[in-house]
Amino acid sequence: MIYLVDKPHEDIGLRTARGDPEAIVVLIQDGVFLDPDIEGTVYAVERDTEVRGVTLPPEIEPITYGELVDLVFETEVKTFL
Amino acid sequence: MIYLVDKPHEDIGLRTARGDPEAIVVLIQDGVFLDPDIEGTVYAVERDTEVRGVTLPPEIEPITYGELVDLVFETEVKTFL
Amino acid sequence: MSHLGIVLTGSPFDSERWRTAYEIGRSALERGHEVSIFAYLDGVYVPMTDQHFEEAAADGLYQKMPTKLYQELLDSGAEMFVCGLCTDARSVDTESQIPDEITVGLLPDLADIIGEADRVISL
Amino acid sequence: MSHLGIVLTGSPFDSERWRTAYEIGRSALERGHEVSIFAYLDGVYVPMTDQHFEEAAADGLYQKMPTKLYQELLDSGAEMFVCGLCTDARSVDTESQIPDEITVGLLPDLADIIGEADRVISL
Amino acid sequence: MKKSVAVILTRAPYGRIHLSEGLRAAGGIAAGFDHHDVTVIFAEDAVYAAREDVDREALNMPAQITDLKANDGTMLVDRSAMEVRNIDSQEIMDDTVIVSASEVTESIQDAEEVLTF
Amino acid sequence: MKKSVAVILTRAPYGRIHLSEGLRAAGGIAAGFDHHDVTVIFAEDAVYAAREDVDREALNMPAQITDLKANDGTMLVDRSAMEVRNIDSQEIMDDTVIVSASEVTESIQDAEEVLTF
């Protein structure tokens, strides 16, 4: 399942993701400033990282809006914005 | 000096007030949920506490808008809303 | 008599700042003070005419809409400006949607309020 | 082809949600999906016609105003609703300030989008 | 298609329209053609609104809650958010159910769609 | 009357108008009839906007900063807010001055009026 996580809703967003062994966390908007301590895949929206001048740690992958849309239709999505 | 403090700006608001031996802190809006650890006088806007059903601790005094206006003209005011 | 300046930046439905500005402004006017309000950013949505929201009336926050409460302030003698760049950006029609008593102004008006008021509150 | 529902609640100048909704909506349309947007609360300010803000153009976020970007979505086939109670409360004139392609709707329309869309994103 | 929907309220109740309008949306979704299963979750600062001492009239809550209940909606309160804010179980209104952090997580996981206000 | 004014920027820079418009207000206040003394303080999440790696064009900052500087406005960055966010001094733009928490406090104390964006 995908968890779209923005600040300031990271607490409930990440807490929910942690309960899911197949969690895919997508950091979005100001959420790209986060570096969540979580098992599983973590993406950050590419445009949001670029405009903020954020350098992603190696374990976080950039993702385009188009890829995000594909992902959303492949599995379910929970939004925490 | 008066420090009008609301959430989420309590950090910078209270930090500034702590540097002032004559600080008067006025908690306003969601700021009335705060119970600041600070020397000096602390007020909370009466209407904001009432509508939120907040019971003030004994060291925090309720203040009406009218009293607040009087206070503001007696000394300077810094707003952190 | 003293002069209170208020800078208002929040929209009518997203924060309480519009209501606090009203309450403080009203109290200052009742005490015979002069009040000048500069609405900036989403604050320009606050005094718009013709806001209707029966569903939220109850005894609550919107029993009197911002339209009404700010008209009361104007009728009681408050001076008010809306930032013209902000209304343009938000497609607020200052002719038809902002009360006539309000001046469509710019930042020099804010600078003047800061210079002339005895105290300024920023909401 | 799948169907994406988007619930938009933020104003054009107070958060980035309007922009994210646009980008996700555009990408979904480009991929041939169906897109339905329900603007609720301050989200109804987003698609308003005639927003102008030359001062903020630069290369920035408002180089194309929400007016323009949402018109692009509509032109590309997005379905969009604004909550009529929300426009009334905000004094948004749906006749003159909301594009004709947008339906002035109510919560049953939101309930339908939730029922019909394959996925719903809340911004 | 009937779905299960979690409506998460996250903001402090007073001075903004989100709590009242979030509840109205929840009721409207439950009352719609599909009669979706709606669970409202009072989370983060919204737990303040689940307290008995809050003036519900002043928050325009009663009509919205009546509509929600009439359509079998339920209201959960996040105990972990209460704890952070020093809110005791006795302070919480009877028409809501206090649940643990993991029950909140579960009910969000189980919902097919999530809306956040 | 000429006054000293502190303009405190508190919000994360991108996606909302507050940073750009807060700076525009600061410049406008400095340029007004009284030529107020304006100090802009990048505090809380606004410290992100004082980083070199930020795309200032995309935030519509350059024109506002030019106006502010032309009217002798200064820009301070709150070191304590940087530390909380793991932002290093080297990352901060040259046209701002990094100051300690107590210097921030002092400059707010010294200002006759405070505006918060």
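Order as written gives the chain letters A, B, C, D, E and F; numbering starts at 1 within each chain.
In this text, contacts are C-beta pairs under 8 Å (C-beta built on N, C-alpha and C of every residue); 3 or more make two chains touch, one makes a residue touch a chain.
The structure presented is a predicted model; accordingly, all values stated were derived computationally and were not measured.
Participant: Mind listing the chains that sit against chain B and also against chain C?
Facilitator: A chain counts here if it touches both chain B and chain C, which gives E, F.
Participant: What is the chain whose Cα centroid lies farthest from the Cα centroid of chain D?
Facilitator: It is B.
Participant: With centres defined as the mean of C-alpha atoms, identify the chain lying farthest from chain C.
Facilitator: Comparing chain centres, A lies farthest from chain C.
Participant: What is the distance, in whole Å, between the centres of chain A and chain F, each centre taken as the mean of its C-alpha atoms?
Facilitator: That pair's centroid distance is 30 Å.
Participant: Please report how many Å separate the Cα centroid of chain C from that of chain E, as a whole number.
Facilitator: Distance between chain centres: 32 Å.
Participant: At what distance in angstrom does the C-alpha mean of chain C lie from that of chain A?
Facilitator: Computed value for the inter-centroid distance: 39 Å.
Participant: Going by the touch rule set out above, which residues of chain C reach two or more other chains?
Facilitator: Only 13-17, 20, 41, 55-56, 62, 89, 119-120, 122 qualify.
Participant: Residues of chain A touching 2+ other chains?
Facilitator: Expected reply: 29-30, 76, 79, 81.
Participant: For chain F, which residues are shared contacts with two or more other chains?
Facilitator: Within chain F, the residues that touch at least two other chains are 14-15, 17-18, 24, 55, 58, 114-116.
Participant: What are all the touching pairs of chains?
Facilitator: Every pair of chains in contact is listed here: A-D, A-E, A-F, B-C, B-E, B-F, C-D, C-E, C-F, D-E, D-F.
Participant: Show me the residue ranges of chain F that touch chain D in the complex, using the header's touch definition.
Facilitator: 14-18, 20, 24, 55, 57-60, 62-63
Participant: What does chain D use to touch chain C in their complex?
Facilitator: 11-14, 41-42, 45, 48-53, 55-56, 62, 65, 67, 85, 88-91, 93, 97
Participant: Which chain E residues qualify as touching chain A in the complex?
Facilitator: Against chain A, the touching part of chain E is residues 8, 10, 43-44, 78, 101-102, 104-106, 108-109, 111-112, 114-116.
Participant: So in the complex, the part of chain C that touches chain F is made up of which residues?
Facilitator: Residues in contact with chain F: 7, 9, 40-41, 86, 89, 106-108, 110-112, 114-116, 119-120, 122.
Participant: Touching residues of chain B toward chain C in the complex: what are they?
Facilitator: 4, 28-30, 47, 64-66, 68-70, 72-73, 76-77, 79, 81
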